[in-house]
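Look at the two complexes coming up: chain A is in both, with chain B in one and chain C in the other.
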Partner chain A sequence: MNASKANVGIVIVSHSPLVAQGAADMVRQMVGDEVPLAWCGGDPAGGLGTSVEAIVGAIEQAWSPSGVAVLVDLGGAETNSEMAIEMIGEPRMDRIRICNAPIVEGAVMAATEASGGSSLEEVVATAEELSPL
Partner chain B sequence: MAANPAAATQVEITHSVGLHARPSVKFTKLAKTFPCEIMVAISGDGPWVDAKGIVKIMALKAPAGTLLHIRATGEQADDAVNALKSLVERDFDEGAGNAAAS
Partner chain C sequence: MTAEGQIDGDRIAELIEAARSAMVAHAEELTALDSAIGDADHGLNMKRGFEALAADAGAISAKPLGEALKAAGMKLVMTVGGASGPLFGTFLMTLGKEIDANSFAGAFAKAVDSVAARGKSERGQKTMLDVLYPLSEALAGGKSPRELADVAAAAAEATVPLKATRGRASFLGDRSIGHMDPGSRSCVILTGVVADWAEGRA
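Showing the complex of A and B:
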């Protein structure tokens, strides 16, 4: 691995903690552990949902100086991720991107790209190759 | 450095599930460790796709028995082609027991 340049981190945000953890497991088993990775899912009461605080925490956990790519599932996961990025604020928010990609496949593809030391832009583009035009 | 070195080979995919998800990730990750341009195709006539592009490699959906064409241009082209060929020959370092989960 290139020690002079950190790999982009990956964050998985699902309404379901089981989905988020399962996607993270697939990344770890298929890609390996050279990519910073964190997940969150579920609302604080234990139901389905997403929480801005938990997303902020996951981004902090997976933080890399090269940036973080966020994979989300449905509507609220995206809007809450946007709020989390706002909360993190400048200057780091410029290095956090939400990928327009399916959450499981996108996470594996993004992590594969990130494992080779690619830039945040390349990692996001790889995940988004999966999306229908 | 002399003219751009180039290398090419062909290798049959013997892994029972072919170039599916996990083998594709391993193949792409290995390709990314080389500085040269590496292209692969499932036919000698192409189309050729970037070996470092995970989405395109997975989209090949190359099944077992496919003759995979690999070519590289640039620094370490020989090493890259040999390393990738070897990975395919080793069934992506996955025993038969792992194949079902790939």
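Showing the complex of A and C:
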């Protein structure tokens, strides 16, 4: 469906590939194929951690002209995601946002919002409602 | 210090090899520090990054200094696997970008600022910045390489009583007190490598 292509994409970045894949499975169950979705997890050697290269790849895979919301777990995932976004560069980097939200709940809520055709700003705001103040 | 611009490739390759060797030698120590207040991967991550850097030493050291620094930084970004990759990588990439247009101390100061921006951190939060800022000031003050290594070591020691308020260690709150910050320790090791190299002992 071309319509789903216009929905905001979701990227899940965890230190653990199992967590990232599991969160992605939950998103798929909630929203089916309505939302472009990709995940990555693990460091460049396959251990726990994150890889800038893999994050760039996941963002490319979930790319939507409406933008991409990225859910991360711990600090290194955020720092590496910021680096990946800078490497993707202008003009697309302006349409990629890291959500300050818990990774599993945030991914599910963001994807649910995205599946209704909401803007990137709305998707990010919905995910971030889950964050403690 | 603008003579840095004329460092030849063999010397750059020597520095890369010395850095790799030091990170391998200290990997377990760094991981032990990180297991106390982080996620026990800093030594392994840095070792992996510097081994990847050393594997590319031939191509990197053939570049002019600024380009070599940028390429080295990008290599760390892509291979370290933790937040240290973008942090140490951004440092080298900014240093490479600024080194031709500034004094070494000036370029170093901009590189430290870029690390602070990348980590959304500041001095006093028990991070590598607590070594990098004192180093930057010592460089601006014209200290010798050996004096710089001493400044770095003392600055890392001074992270021990600090409470972490940024990075993984901040999850521990007061329990982060009493441990040296692993990223600061890495900065000390690398400063020692550069000091030895600059004085012809690497």
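One rule holds for everything that comes next: the second predicted complex is superposed on the first by the 128 of 133 C-alpha atoms of A that agree within 3 Å, B and C clash if a C-alpha of one lies under 4 Å from a C-alpha of the other, contacts with A are read in each partner's own complex, and residues count from 1 in each chain.
Basically, a residue touches a chain if its C-beta (ideal position, glycine included) is under 8 Å from a C-beta of that chain, and two chains touch if they have at least 3 such contacts.
If you're wondering where the values come from, they're calculated on a predicted model, not measured in any experiment.
Under the clash rule set out above, the superposition-derived model of chain A with chain B and chain C shows the two partners fitting side by side. In the superposition on chain A, A:C99 contacts neither chain B nor chain C.
More residues of chain A lie in contact with C than with the other chain of the pair chain B and chain C. By the document's definition of touching, neither partner reaches A:A24: not chain B, not chain C. By the touch criterion defined above, A:A45 reaches chain C but does not reach chain B. In the superposed model, A:A62 lies in contact with neither chain B nor chain C. Put simply, if you stand at the Cα centre of chain A and look at the Cα centres of chain B and chain C, the angle between them is 150 degrees to the nearest 10. Legend: residue contacts after superposition of the two complexes on their common chain; A:T79 is shown touching chain C, with no touch to chain B. After overlaying the two complexes on the shared chain, residue contacts for A:E129 are found with chain B alone; chain C is out of touch. Looking at the shared chain after the overlay, A:V108 reaches chain B, while chain C stays out of its contact range. For the pair chain B and chain C, the least inter-chain C-alpha distance in the overlaid model is 26 Å. Here chain A touches chain B in the complex through residues 30-32, 108-109, 112-113, 115-118, 126, 129-130, going by the rule given at the top. On the side of chain C, the complex with chain A involves touching residues 39, 41, 44-45, 48, 77-87, 89-90, 118-119, 167-168. Residue ranges on chain A touching chain C, taken from their complex, read 43-45, 47-53, 74-76, 78-80, 82-83. Across the complex, chain B meets chain A through its residues 21-22, 25, 28-29, 32-33, 52-56.
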